[in-house]
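Here chain A shows up in two complexes: once beside chain B, once beside chain C.
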Partner chain A sequence: MTSTSLPVRATRPVAVTVTAAEEKPTRSRRQVLLVVAGLLAVIAVPALTFPAFWLFLAAQVAAYAIATLGLNVLYGRTGQLSLAQATFMGAGAYTGYVLGSRGHAPLVQLLAVCAVSLVAGAVVAVPTLRLSGLRLALVTLAVGELFAWVLVHTTDLTGGTQGANVEPLVVGPLDASIPLFAYLLGLLPALVATALVLHLDRTQLGRRMLLVRDSELAARATGVPIIQTKIVAFLLASVFAGVAGWLYGGINGFVSPPDFNLFASVYLLVAVVIGGARSVLGAWVGAAYIVVVPQVFTALGIPNLYALVGGALLALVALLAPDGLVGLARSAAARVRRTA
Partner chain B sequence: MSAAPGISIRDLTVAYGAFRAIEELTVDIPAGRIVGVVGPNGAGKTTLLNAITGFTHVSGGSIHLDEVAVQDWSVRRRVGAGVVRGFQTVRLMERESVMTNVLVGLERTRQPSVLAQLLGLPGQPRSRRRDLDAANAVIERLGLTGVVHQRVDALPFASRRLVEVARVLVSRPSVVLLDEPAAGLDQAGRHELAAVLTQVHAEDGCTMLVVEHDVDLVQRLCQHALALDSGHLISEGPPADVFATPEVQVAYFGRSLDAPA
Partner chain C sequence: MDGLTQVLAGGITQGCLYALMLLGVLLVFQVSKVMSFAYGQVGMVAAFTAWAVNAAGVPVVLALVLGALVAVLLNAAIDVVAIRHIPSDRVGLDLVVTLGLFLLIAAVMQQLIDSNSHSFPALGADTQATVLGARISVNDAVVVGLAVVVVTGAWLVLSRTSLGTNLRACAEDADIAASTGINVRALRTGTWAVAGLLASVVAVAVASRVAVDAFYMTSVLVKVFIAGMIGGLDRFWPPLLAAVGLGVYESLAVATFGADAGVPAVFLLIIAVLAVVPKRFVLDTSEARA
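Then we have the complex of A and B:
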């Protein structure tokens, strides 16, 4: 600020006696233990009991969870509609494929994936987020179509419409061609992403996002840097998607344009809304939905029903459960607790 | 400049096309007082508040906080300087807790950089403790301690109104502007709000500008009043005197109370 500016009054030490409430209700030791035990069970049960194919699907769920966590930040928290989340996954996946096929180490791939996602995200977000709402959706839609076009027209580099075989990801002793290791390779980064999003709840950045989502007017009046907040959210979502796509390629061993087209982006959005857009658990539910439900329909011999059921479920959730399946489960649990 | 600045408004005009919501208004808002802004609908009360906070552009004239001209400053810069407002319609994060809604109001106090926040860099716990203490203090003052972790969409309207006031007050702004804070409250709620605001003002010593219709509340709360009509100042002074002037009575009640009906 210049010398003419008014002095900002710092928050003075508070003289009033204060009951020191934390940001969230403090959990009892028993509750914490329960959560930790539950988490360990969720991690260990697939690793120890799942047959190879389901373990492999669990690895994909973990990879997709990183992408849906990105949408949790961008859409669920900041309220910005993107139809390019799968596109950014694709950017990550193909960056990993191109570098991996030239023998670059996973760490180099990861850094390149982050850099590419960050730059691509900035190119889309910085000019667009000065505009509002629907225009972002339209621009991201165009970006997705452009990406699909590029893939099809760079057959030498990307394999074009035929797709490409990706070298399985190998980090130290963990080789993604072995299902258990694939699961761990997906899970560990997904847990880091989960912790990062949970951490947002404890930061002013996270609160800025929520206020931007709910009232830009109130955000202005509070002094929130609105455009900066939207851009940060978009970049986080882009990097999350890029890393998710990279892991997906390295675990799946094969990538092709349909994995990352407009439908894939829409399904990601649908999954996040169904799970609960604002909820971290909802992002995981969404990821599980996106990976497992198509498999179920394929197993039943009616793969085409997936899109139809997705649409119907989305409508139902939108009408009946605005906080998604996770919100529905939470309010049901609260009701049970009250009557008990 | 004092902690609670006076606001000097000179020849202020705010025009929307041919319509002048405020026309060549010159008025001084005394430092460190609670000032009521009264007048009929369309008098320019909210426009005045928007002009002071930077929410509307100014067609002419100046706004000074003490000696500093602020009419060209962005909203954010004015917020940073301590000018913080509430809204006529309660604008909260409906699906978040009272605590989150209040904490976000600390935006204008020093916050770590985005990267430092994301990575949870050192120094965070201390600034976080400071923020929580500030939020708890204002939550307690406004009597919201019992619902601190509840989602605001589950609260009655009067409490939600208080949450918005808490968000405004939590950073201890030097100029507080409230737009009809008592709208939608019943008599008891209005009295409670007046008591809380009086207490906050006594402790914080800010300059407080309150747009309000309710004659009783203005007399109860405010030490000074401005009456506007059609973008012009028609009276100012102690609230009782302002309401007693015939021009205000005509503008407000459609007739002078002394004149036969």
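Then we have the complex of A and C:
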């Protein structure tokens, strides 16, 4: 019996880089208890110990964390760069503002925010992602500029350049004008978003995203629908950003165009890269950076340095520490364990 | 009729500015496979340097040369310090790093100058003559003439000289080019330097027309990128013609729908174009890294 074999072209093996955060963990009962204890601590410690101002900032961190988690899915896990994450935050914030000022209930606002984010995300992603990642970056940049133009030219609806006062978010007994409730209103959706992103690691979709990020060739070879995977990632990021913007508006009580312009999108990218684009914890670290660091610079009397430091950090961390602060901490911890 | 001629003249001038800027983007992209979001800021630094030096009493021409020199050195430094160190397998990292540089350069200039808008010397923008029914300024004529000369010169260099052959070899396969003795690194840094010079010319021309702040080149760069996307970043003439076309289109939109219509007209165009353009129109492989 003769056997025929097709000539096989030698190719470089594809290295799918899976970081510690992306490894599929097998959770023991003890680990589950640790996670629950950690969650309770995250909820209770700020609520019980933080003064009102810091509790208010913590609420904003939670809102921003949803946006950075969305960017974590899109950029960190799927490798697609969007410069419109703040734009989608703005779409959510202004949708909430318009509906809230007309007396619609929070649930209606939330559903509308999700619908608007999905439609806006689809309008951007479907024509763009069939071409290339570079085009996505450039088109999202253009969409951000277009959104800023729309805000400035619809003064009657959005308040224009002057911005608009947003009715505090009120869900049952929780009123976002009270810092403790604002914190809880921000934290609970942020925890749900965190759980969703963590769960993504265990799903086929999550693994497809990683493969698309690391090697589209390998993804294509294994039958992964690349464009669909990218579009789903983009839509997830859009909805996360929309909800984050809605919460931000409801907690902050005020929205204005600079909150959602190109620079806001770049700062979100700075946050995700600094924290660690491939890590859920990194998304939270990045959200804390984006809210707390400007306050620190303002307190020091040098608010303009925030942009300077942000730019330098983005370039340096992207070049020298691709896994961000969380990656650095994990490497240091691993080194200590090996030494011990 | 005169109104249409005026609109076309303004659009062609604007389009020539986009084309000059895009030429720098194309050179860098084709040789280094990198898109730099900091590119517009490099031009802004040149314009603000020239403005500050001129305000200190240095003659305009010398101030412009100094500004251009700063842009050349800055853009070359971006390549040497940052771009060279980006691993080739880190897809999209060039965009992230240059976004950081974009923010950093703008913030540094805001610290050195301020956040306000400034008016630059008009450089002939206020000296006008009527040509074929359209009022053309000296500044406009210089921009159009410079664009024609520079773009034609670049095409001749790329297609008729050994330097052009080396550049095209680098663009096609840097490793093979290096193995034949071509100094790929020097060529790449050279293209970044030339791009810096082009950015400085455009930034000074824009600043001579309107009051500007540290972020004024951002919208210009976005439109230049859009023209590049429409025409194809791996080609030469189509994107440059698209840049001129974009300027005319923008001018027509402003003339038809009012001064505020320019921004939505341009950005809706790009979304519409992307929605209908066939996939084969762009070469994904050449955009893989960027």
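One rule holds for everything that comes next: the second predicted complex is superposed on the first by the 302 of 340 C-alpha atoms of A that agree within 3 Å, B and C clash if a C-alpha of one lies under 4 Å from a C-alpha of the other, contacts with A are read in each partner's own complex, and residues count from 1 in each chain.
Keep this in mind: a residue touches a chain if its C-beta (ideal position, glycine included) is under 8 Å from a C-beta of that chain, and two chains touch if they have at least 3 such contacts.
Since we're looking at a predicted model, the values are computed, not measured.
In the superposition on chain A, contact is made by A:E145 with chain C only, not with chain B.
When the two structures are aligned on the shared chain, A:V285 is found in touch with neither chain B nor chain C.
By the touch criterion defined above, A:L205 lies against chain B but remains apart from chain C after alignment on the C-alpha atoms of chain A. After overlaying the two complexes on the shared chain, residue contacts for A:A318 are found with chain C alone; chain B is out of touch.
Applying the stated contact rule after C-alpha superposition, one finds that A:A271 touches neither chain B nor chain C. In the superposed model, A:L308 makes contact with chain C only, not with chain B.
When the two complexes are laid over each other on chain A, chain A has residues 213 in contact with both chain B and chain C.
Against chain A, in their complex, chain B makes its touches with residues 1, 3, 5, 53, 55, 65-66, 68, 75-77, 79-82, 84-87, 91-97, 99-100, 103-112, 114, 117-118, 120, 128, 130-134, 136-137, 139-141, 145, 148-149, 167, 171-174. In the complex of the two chains, the chain C residues touching chain A come out as 35, 82, 85-86, 90-93, 95-108, 110-111, 115, 218-219, 222, 225-226, 229, 233, 260, 263-264, 266-268, 270-271, 274-275, 277, 279, 282, 284, 287-288, 290. Residues 75, 79-81, 83, 123-124, 127-128, 130-135, 137-139, 141-143, 145-146, 149-150, 153, 213, 262-263, 266, 269-270, 273, 304-305, 307-308, 310-316, 318-319, 322 of chain A touch chain C in their complex.
Residues 1, 4-12, 14, 16, 18-25, 196, 199-200, 202-205, 207-208, 210-211, 213-215, 217-218, 220-225, 228, 232, 236, 278, 323 of chain A are the ones that touch chain B when the two sit in their complex.
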